[in-house]
Every structure is written in C-alpha cells, then in structure tokens.
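Only one structure is covered here, and it is reproduced in the block below.
As written, the chains take the letters A, B and C, and residue 1 is the first residue of each chain.
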Amino acid sequence: MSSLVTRVRLKQIELLLQKGKRLDERGLLDYREIKIEQGLIERAEGSARCLLGKSEVLCGVKVETGEPFPDTPNEGVMTVNAELVPLASPNFEPGPPDENSIELARVVDRGIRESKAIDTEKLCIEPGKKVFVVFVDVYVLNHDGNLIDCSALAAMAALMNTKMPNYEIKEGELKIKQGYTPLPLKSHPVTVTIGKINNTLIVDPWLEEEQVMDSRISMALNDEGNICAIQKGGSGYFTPKQILEASKIAQEKVAELRKKLDW
Amino acid sequence: MNDKPEKLIDKKGIRLDGRKADELRPLKLQVGVLSNADGSAYIEHGKNKILAAAFGPREMHPKHLAMPDRMVLRCRYHMAPFSVQERKSPAPSRREVELSKVIRESLEPALFLELYPRTGVDVFVEVLQADGGTRCASITAAALAIADAGVPMRDLVVACAAGKVDDTVVVDLYDAEDKLGAADVPVAYMPNLNAITLLQMDGILNHEEFEKAMNMAMDGCKKIYEMQKEALKTKYMVVKEVGEE
Amino acid sequence: MPIFFEKKQLVTPGELLAEGEYLPGENTYMEENKIFASRIGLVDTDNKKVNVVALRAFYVPKMGDIVIGTVVEVGFNGWTVDIKSPYTALLRASDVLSRPFKPQADELSAVLNAGDLIVAKIASYDRAHDPQLTVGEPGLGKITRGQILHVTPTKIPRVIGRKGSMISMIKQETGCQIILGLNGVILVTGKEPEDEEIAIEAIKKIEEESHTSGLTDRITQLLKERKGKVEEKVEENKNE
C-alpha cells in the first residue's frame, strides 16, 4: 500500500482538528501511550526501550575509554548516533546515515549535551590523557511518528540505566575493579515535539499527521524548565506567536514525560 | 591554546569585538556574481564570506527524484577546507548534512512549489570563510540567488541569530561568542508574511530570555532584509539607469 | 483602495503592492486581500490588475507559442529539443516525416541531428507532460543560416513593439528576416553579416532599455547611424 495520504484522509484529519480532535481520539495536546523499559540489553552498559504509541526506539549506551578533546582535557566525551533501521519503515533504506537520521541524532544530542545531563567532569580518569567515552546509539525499530520525542526518551532512560565499571590506576595502568557506578547525571532533559497542520498546533504527531503537517518544532527542557535545544523542521513556517505558544505547551507537557522516566 | 576571556561583555555593555548588544556585524551583499549560475549572490557578514548559487528550475537528475505535482528544492551547504581555523576535511560532515536540510526547509516556504511540477531547483552554498552565524548568512545569500534566478518567491528569506553571552541577550554572535556564550538562536524569517522558517537553539535559556532572543533576531532580520532588497535592486537598477540618459 | 507603489517602480519578491479591490496579475500573488510581487521587476496597473514586468524570468511553454530550440538528442521515435525552459521539448518523428515512420535511429539523424536549430510551435503542453513540438506549418522547420541571440523572454513583447511597430522597423531598416521565439531565442537572417549585426545590436539595446521611454526614437537613431556607416563602407569598397 502506498504511504501517501489520500486527499480524503487529509480532509478527515483537518475536519477533526477543527473540532479539536484527532484521528485516534486524542486531544490536540495529548501524548499517545508511553511505555519505557530499561536494561534489556545486558551487553550494553545501559539500555532502554521507549514505546510511544506504535513508534518504537531502542537505545543502547556503551561506555569505553578514550582520549579527551584537546580543549576539554578534564571532561569525558559523549556522542550520539541514530539509525533509521530499514525494518522500521518501508521508506527506510539500508546505507549510510541520511539527513533524517543525522538530524535525529543531532537533535537528541543537543538536548542531552546543552542541558549538561551527563556530568562529564566526573568521567575524567586521567586529565588530558584518559576519559570515559559514552556512545549513545539510538536504534529506531518502528516508525509511527514523532521519532524525536521517542528517541529522546529512550536515550535519557538508557543513560539513567547506564553503569560504568569501577576502576583504579595502578602503576600508570588502568585496571578495572569489581562493581559499578551509575553514570553521573546532572539533568534529565525531556523533548516535546509539536506539529502544525494548517494553523493548529498538535503535540506528538503520529505518522499520518506527520505526512500532512507543514512543519514541526521540538523543544528540549532541562530539570529547571529552561529551554536547552530547539529545532524547527518541515517545509512550512510558524508565526512568532505560534512559537511562543509552542514553548508554553512544551513547558506544560514536560512534567508528564518526566514521570515516565521515573524522575 | 587561546586563553578564554573572562568576560564576553563588559559593564558598559560592550562586547569583545566592540559592538553593543543590539548591533549587527558589518554586512555586504552582492547579487549576480557568477556567470554560469542561473542566479547567485555573495555575502560578507563580519568575517564570514559565503557564495550562493541557484540553478533551475530545470529537469531533475536523477529523474526518479522528481515529483509529479511539484518542484523539488535541493540544497547543499558546504564549507571549504580553508574556511576554518583547523583545516576541515572536504567530505560532508554530519553538521553540514543537518545544515543543508534546515537551510532547505527555511527556503521552501518561500517558493511556489506547485507551479513547476517535475522540475528541481538546486542551491549550492559554499562557505569560503567562517566566523559564526554561517547558516544565517547562507540563507540570506541563498534567497537572493533564487530571486536572481527568476524563480517566483512569496518573499525573500532573511536570517539572523541572537543569543546570550554572560547574562546579556545579544544579536548576531560571532564565532568566539557562539563557542563561549550561553546560547545561540538562529532564526530565518519572511518579513512580509511574519513567518519564521528556521528556528534552532542550543544552550540554556529561560522562557523570557528565549522570547527576547527571538525578538532580537527578528529585528536583526528586518534590518538585513532592507539590505537584501537593496542588493537585488542594485543589480537591476544598473540596467535601468543605462536607458535614462 | 490603496496601492503602494509608483508607476514603473522597481519591486522585489514579497513587496506589498496593493490592498483591496485589485486583482493579482503577472508575477504577483494574492494573500488575504493583499497583493505581493513574486519576482523582481517593474510594477504597473492595467485597470484593476496589478502586473509586474519581470526583469528576470524563464520561459514556461504555452500552447501555440512559436519557439526556437536546439536538438539535443536523437531518440527512437523523435528528437529531444532544448527550448531554454525548465521543461525539455519533444518533436515526434511522425510530425516531421510525411510518410509512415519506421523506427530506425539512422533515418532520424539524417533529418535532424543533435546541434540543429529549429523553429517550431508548441503543439501541446500540460502539467503532467513535457511540451510537444510541431514543425508542420509554413515557416517552421530546420534553420540553415543566420545568427541566434538570447533575450529574457519577458522582453519579447517590447522587441515586437506596439502592433509590431518596433520589429517591423528593424526588419525594414536592416533588410533582415527576424523570427522571434517566445522562449527568448531570436533568429536574425540577413543578406550580409553586417546587416545582421545591426539588427542584433538594436535588439540587444531594446532588451537593456526596455523599460525606459523614448526607446523607439533611440532605436530609430541607432539604425540610421549604423546603416549610414554600412552604406559608407559599401561606397568605399566600390571605389577601390
């Protein structure tokens, strides 16, 4: 079946929106059902799976050692990568990351990095020489809309689940000891994505809504409710008033998402 | 290793490069600088030097990428290896891929895509020298290149960033302020339609600061918009004056 | 009801031109009762219609238009023609050959080959298909001699002039045959290359100064001057 949304369906979506309703009977500002599970991949230092409606993202965190960046010799390193795995959608093709998976990775990265979620100074093993490197791999397993929020939740939950091996420096050598320490976290950023169809703002656009919406805006907020990342996407536009409205909506939805993270 | 300056903005509100909070860096715009492109523009914004070219509307290559009912806009943002302090590999980085996408999405709302089905417009942006705010300068130049190519537009798209250094919200951050500052908010705008076509943010801002930054960026956009119109008119004005002997 | 411009003002895309009881004309669009320019050009009104004469535009095919194009490729049952438009045009073999057509590529390249210039008419064009050309009318077909020049398609009406007055004058003064392709491609064929040069110079001048007044006089002047020089030269050659 074609993934094009028919004109009839589009009309249906628009009419419902005018009444403040959506196809799956949600309110304009409602999230779909969210389920988060942690620790499913024992081989990874941390892992979590987020189900947002039928969208499914698995995130695995691997912690290794490496060299710090020259301009931050006392800080650990974090990197986020995202895979739009081909089995997640008929439109995902195997191959190197395309602009969508790169944007997804960078948006998730921004929320975590700018909010200083990870206390990178505590990841320093030997200043200037050795630090912990945290690899966050976002693995999209099913695409049913709003991969940004789903991935951000999975990534945050995976980080909260991450344990680093204990170590000691003996005779200039790094030796792994018994036991683990949880990854030191300073903030628990949460991302809210709002789509725009005609001039109606909707939270958590679902796949069909994504295909008809003209633009979206995602905002990541830290524990204090301050904004640490914003990304507008799509080929439409927002008025300044709509942007401010979106930021208010994001502020309101954040508490609900944090609860799912158990934070 | 450079020493990090203690303050990015002093007590009198003067920034490291001598500007006030609401001052833009010097700007120069030129339209029609490349003879082979259908449309082109060159921008110097502070130390940024960026060239933009537009080709089309023309047949899409490869053909299967064409859309039956609309025109397709493709955009490539690329930095020259010598454009930054440490030589950058010519291969497209993840940042360049993301910026190519957001720049395209900032220009699309200005185009009447349904008017020319099955065709494509290719926009190439080359950053020859970078000093912060390249995506905004790129959008400003790219919009002029598209208009210069004779592609109908709803409005010119103009872009400007604002952000926070120390505790002050300022407009148009240059590279040092971007790296050491507290937040950066690039905005692309179509002034006559009051439409924001690009909005990103990284850093930490409370909601008040964000609103202030967004408004400052839009004010910067409006100023640059006047320069865009002038640059476009200047190219065609020369033609006009020839006849008026 | 307000208009926001002066006659023949230079406007840029997105500039607000009028509000209220006006109609959007060429190179403008309407949103919520306001009319904006969509291309850079000179704005003017024609009754209630606001038009912008674009200073930069490209040719979009229209049925019935005469165009001049270059054959780019010889295909199986026709030729692909570049008409300086976002869309490539097609000329079917069946249109050119008077007898029933047998698909052998060699035959076709003997009739028209890549690099040939043709004058054709747009026989059909719609959103879903590339324009189809026809040469089955008098005056159309392969071009064998002359010089080609390109002007922005929006300037062609000015080259034609009111009721064809401008182009007639140039034809008369230079003795050249001039075919104006509505796609901005012009063919000038004269007895001598010098005559063709004069015609080309005149047309180029019209393109550059198309929006100014007094152009007709200046063109007349130019033609007289150039023609005078040519006549002098002819006299010189005679006396040698």
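Here is the rule we go by: a residue touches a chain if its C-beta (ideal position, glycine included) is under 8 Å from a C-beta of that chain, and two chains touch if they have at least 3 such contacts.
Bear in mind that the values here come from a model prediction, so they are computed numbers and not experimental data.
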Note to self: Using the contact definition given at the top, which chains are in touch with both chain B and chain C?
What the structure shows: none
Next item on the list: Compute per-chain Cα centres, compare each with the mean of all protein Cα atoms, and return the closest chain.
Entry: B
Check: Any idea how many Å lie between the Cα centroids of chain B and chain C?
Finding: 35
Check: Just how far, in Å, is the C-alpha centre of chain C from the one of chain A?
Finding: 55
Check: With chain centres defined as C-alpha means, what is the inter-centre distance between chain A and chain B in Å?
Finding: 27
Note to self: Which positions in chain B are in touch with at least two other chains?
What the structure shows: 190, 193
Note to self: Residue numbers of chain C touching chain B in their complex, please.
What the structure shows: 10, 12-16, 27, 29, 31, 36, 38-40, 54-58, 60, 86-88, 127-128, 152, 208-209, 211-212, 215
Next item on the list: Sort out for me which residues of chain B touch chain A in the complex.
Entry: 1, 94-95, 97-98, 100-102, 104-105, 108-109, 185, 190, 193-207, 210-211, 214-215, 218
Margin query: Considering only the defined contacts, which chain A positions touch chain B in the complex?
Written below: 70-71, 97, 99-100, 102-103, 105-106, 110, 113-115, 215, 217, 222, 224-240, 243-244, 247-248, 251
Next item on the list: Report the residues of chain B in contact with chain C in the complex, numbered from low to high.
Entry: 38-39, 56-59, 68-69, 110, 112, 116-119, 147-150, 152-156, 190-193, 228-229, 232-233, 236-237, 239-240, 242-244
